[in-house]
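Here chain A shows up in two complexes: once beside chain B, once beside chain C.
The block that comes next holds the complex of A and B.
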């Protein structure tokens, strides 16, 4: 325990995403897609330390008719920290994962596209990104590939810890960047 | 920037409106290039530095009054420029019809980057709110705003009435207002939350499609709609607030300037309406301009000029400020001699046999005619209204009538000097009326129902009977403009004559006024205008910028002074002395030059007659806007450099080109420049060029300053500057001087130290010499030597008295020689040998056969050589001192020359058992003395058998 306090200037973090709920549209089953495999990873590139972690437990639903979607992730599921202690700090000190177990992004696709047709699309989504129980409206750019009813998405964006009330103690501000880079890859298939 | 071919068309057009005609000259500029497909102007914007930017289908162009030049782009953006906006921190943002957003940096277009990506639809409009957030209206994706360098969106999901936005504007009172396909949206973003309130036809908006909006200076919002024309916006707007029977087509753009509304319409090009603050719905069409058939956008620039653009055409229309008040018949126009603006905001002028009163009703001029039968056969020359609506009407030959249009009374004044006389001017200061006639000046003070008259015909007072103008100035001073005696002034019943003051100019004075600062201004027959500040006189002539020296009128116009000429009106800013002009290009002036045929109201307006109309002209900060100047770019050796003021160049970067542009759209050809490179040019240099080259500038701190004026008067001119430093080459830099000085100092120090050491050395050697001399002396008076010598002598005296005598003589010789030679540096070898000879004799007598001294030196060497004194003697003495001398082992000392310049003194070694004390001192002395003489060294060879000392000889 003592040791833990000593190494308090530590690591981190973040987040993310997901899921949903759109059971109201069951009358149009062919319009509703859900994530069959998804991966979300983040990276904090601070001057003194690079922290990375990822999770494959991304859940999500997409309605290509209404063009709305919902993504959700269990914050506890992030793996791949530099050390078990880092993961502990991530969950306990920063994300408060016991209190706020999920991060999510719910919204709509801005562009008017038909995702039932095969093709590559550069789309923007507009929605509410909730991390650490703090919602922020965001526009997130996404590359979408549709091939034979399989929708693959790829997206890079950044999250400011300050946007989500995640404080960085000044003792670790050389080890933890305020801007966290997030990458999301997911495959949707018809439900 | 790429220059385009420009065609300028001057178009004269006469537009007839229901009320009055407006004659205006507009000017058309064509944005032309070599391609068949000409760029079409979609948006106009004036940046803070004065340039008009044209967003076109082919990119962004800058218009400077003469030319269009295209801004280059860092990356190829194949899209039309649909929006331009300059932020409070002077960033010029550009929106494209493909949704891209760029910024103008260093005269080139650079795309911005947002993590969110650009919108995919056209950016229609950009604005900024008071908290600095920048807002974008898009054609289909609603509104975006930048917060923390992130794009945020507001669209129908957030409550926006429609995602298609035509125009977005900010006002402090309402907030961000967006005109959309479904009404008006007022948005704000506070504490992370979006607030939207919408006004659509449900709220009473006459038309849901609002294509354009405009905020007046009073923050009043105007709407331009698809079908319902134009309307002022109110929160409780009603359906019928649109323009009834609007048949001019959709409203692409609108703007409101002073009393006019300019509307770019779909079917009728530019429509101009009169604007009355109180009017509810009806708009009175003023005129229309069909020069450009389809107008996309409008702009009011800072000079008050209204611009309209469509296709590749840019039209400069009327400059605001000049309005036609009343149309006269040519007969009336020829007979107008006096105009007078009265306290009840009416404008009076004379017509044959009477007067016309113009007054404003519903913001439009109405006229009223009054007959003055008494003056039916004469000419009315002067008008003045005294309190109580009493209009004093002066005539030629018929004196003065006081006319009251309310009571309809006319009273002819019977004062003898006035009756049947001519009136030049009438004025007053509230309680007294001042009248100037050909016979002198008369004052009239009301007393009851009558007037008390006083004549001032005595030339000793005013100085001249003929007074052109009278000014009732501040501090109860009355000023008189006389014909020949200059200006007289009456204060406390005492006359003063400005003519007597040093520096006075102008004997014939036509008009006098007093500005808001208390300065007196007057016009003269041939000296132009003179300003008198109570102490000195300042002259304004054509070289200060007056349009001509023929001046008919001088008027107060708000904070400015208007100067009326036949074909021009000059506006003087009394605070700065700067002169600007009414825009002649827009209306050719042919002004009635009667002295009283112009007047001013209490506000900013002046009134005058030009051609067949009475005009009003509003003189304010907009209409007197002076040209400004911008340094566009700087070239170093003909290469554009991206740099801002304060740049440092190295010593060889010294060929600089400065490009500057003055902006004055009203009359760009009038622009003149003066430049000066501080710490290079001593004086300002005049030029009409837009570029100045400085080849081969020496190192130094410079400021390139350029200023711009419409005339040769550059005092208080708008100025801009570029400061830079050309650094000295490193060998001229302070640090180099300091380092070099330090190194030189160090070298000098070392040299001095070395020399000091050398001198110390010499001194030491000198001491050594003295030391050696002492040593020698000491040795020679060594008691042992004396004792030994005397003992030898004693034995010789008894055995051989002759030898004894000789011995004593030798001792004496020896000591004399020592005394004689000891101070010298050198003696001849001959002398030395003679001393040695004496010494040898003495020693040989003492040691008899135990000592053998052989001298074998060639005679020519003896004759030509010198040697330090007593060296040989010392060496012999040394040998004797250090060796045992006995018959068994005799001491042999050989002295011979081994070379021409070297004597060797050699003795066999037979060391005493106990070495002598102070041993070696003698030899050391010899060596040091040789060192002092800087000749060859003494060499000492010491083997087991012989001890040899080689003494160099010195040749003279």
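The block that comes next holds the complex of A and C.
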């Protein structure tokens, strides 16, 4: 008799856990946001030449529950530059886009913030920035605006080519800056 | 009780594992998303060759729209000319020419060679572009039609064994090529070039005005900015002009900014299709080897729309 009650109790417990687990999974999709429009621009401001390019093919996912994210961009998709040859050099000689087609940033939001609530936030993200297949641990600040389940991010940061094993040949060292200014704008919506 | 407790722990671990794996999943979920997106996108292969000439002949590349490519090509004399001629360095054969990209696919160009005092003009059209993704194309194909006028009448008379002054039309030659290339990976590209050269006038002992040949060329990338190039034109036996030999060239190519420098050894003196495909008299085995270089400098005349942000 006692055995039966005990068994029942365990079963009820198991049922509870199952329900809890199921509801946890069910909740996840609403926590998950994806980029619906995203743009990355960069600028090299060297003494003899300014080079600008941008891509609107930024893709990314954000989990506002776990506060982690993953962003990726196709390096080939950058447009701009000062000549078609410069774009070819960007892909062929500097980024080696055939070998390393994507640049990525993935990590976590440091601040404890509830991004389901409307508001403006200045957040820090900590993660791995991978460019030219060289990962760098970075803390990148970003401004976040949340309005009716739409999350808009805006961020400015710099990338040092030397950090990512992209050498600048001496002949162009007056035309290409080692410090590249990068601007990211993206809109996340629930997936 | 103990057993059930263990079961409970297992279940808890299972649940927490699921939560941890979520972190990793975000990246793989994104990869899946990118993969589906790429299936609907076409990625065109860029830079099968560095410039529009491999050594003597054209590559499958066309000049980008709005870009002017100034080309200076130079061949010294032959290595077997001995010390008196400084192993060929005293002798020069030069072609100065320009290519202009009307569009990304259509190039018009021309030049003047000191060899036989030739003028040449050509049209080049990129028919197919190698691509992956939605549109899968294994090769790039470019069509070339060129025309040459040889204005050195003394040379023509000697070459064709004639005594009378050649008429204007007798000085004309044409070349047609289908350039088929594939970039196998970022370090290796290969091209095949079925070619036909038509000469309005040939030596009377030779009964065909058409010379058929197949060219092959390859680029092996050595570093990010330099590569090793080889080029060979095989003239089909039935259409070979007497006393001519197949053209073989090997070169080293280096680029800096907007310049491409090509240094090479070749058994051809001329730099137009007629000269190196149909009428090449040099032989490697005899030491008829020319040291030479090509310099290419591009100028952006008109910035194409797709580059504007």
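Note that in this section the second predicted complex is superposed on the first by the 164 of 191 C-alpha atoms of A that agree within 3 Å, B and C clash if a C-alpha of one lies under 4 Å from a C-alpha of the other, contacts with A are read in each partner's own complex, and residues count from 1 in each chain.
Basically, a contact is a pair of C-beta atoms (placed from the backbone, for glycine too) under 8 Å apart; a residue touches a chain by one contact, two chains touch by 3 or more.
Bear in mind that the values here come from a model prediction, so they are computed numbers and not experimental data.
Enquirer: Which chain, chain B or chain C, ends up touching more residues of chain A in the combined arrangement?
Expert: On the superposition, C touches more of the residues of chain A.
Enquirer: Pick one for A:91: touches chain B only (first), chain C only (second), both, or neither.
Expert: So A:91 only meets chain C here.
Enquirer: State whether A:110 touches chain B only (first), chain C only (second), both chains, or neither.
Expert: The answer is first: A:110 touches chain B but not chain C.
Enquirer: If we overlay the two complexes on their shared chain A, which of chain B and chain C does A:160 touch? Say first, second, both or neither.
Expert: In the superposition, A:160 touches chain B alone.
Enquirer: Is A:168 touching the first partner chain B, the second partner chain C, both, or neither of them?
Expert: neither
Enquirer: After lining up the shared chain so the two structures overlap, which partner does A:76 touch, if you call chain B first and chain C second: first, second, both or neither?
Expert: A:76: touches chain C, not chain B.
Enquirer: First (chain B), second (chain C), both or neither: which does A:177 touch?
Expert: Touch partners of A:177: none, neither chain B nor chain C.
Enquirer: Between chain B (first) and chain C (second), which, if any, makes contact with A:144: first, second, both or neither?
Expert: neither
Enquirer: Show which residues of chain A lie in contact with chain B when the two form their complex.
Expert: 108, 110-111, 122, 124, 126, 136-141, 157-158, 160
Enquirer: For a test of understanding, state which residues of chain A touch chain C in their complex under the given definition.
Expert: My answer: residues 6-7, 10, 13-14, 17, 20-21, 24-25, 28, 34, 41, 52-54, 59-61, 63, 66, 68-70, 72, 74, 76, 79-85, 87-88, 91-93, 96, 98-99, 102, 106, 169, 171-172, 175.
Enquirer: Given the complex with chain A, which residues does chain B contribute to the contact?
Expert: Residues in contact with chain A: 115-117, 120, 141, 148, 150-153, 155, 157, 192.
Enquirer: Give every residue of chain C touching chain A within the complex, in rising order.
Expert: Against chain A, chain C makes touches at 1, 4, 7-8, 11-12, 15, 18-19, 22-23, 26-27, 29-31, 33-34, 37, 43, 46-47, 64-65, 67, 104, 185-186, 224-225, 256-258, 298, 300, 303-304, 306-309.
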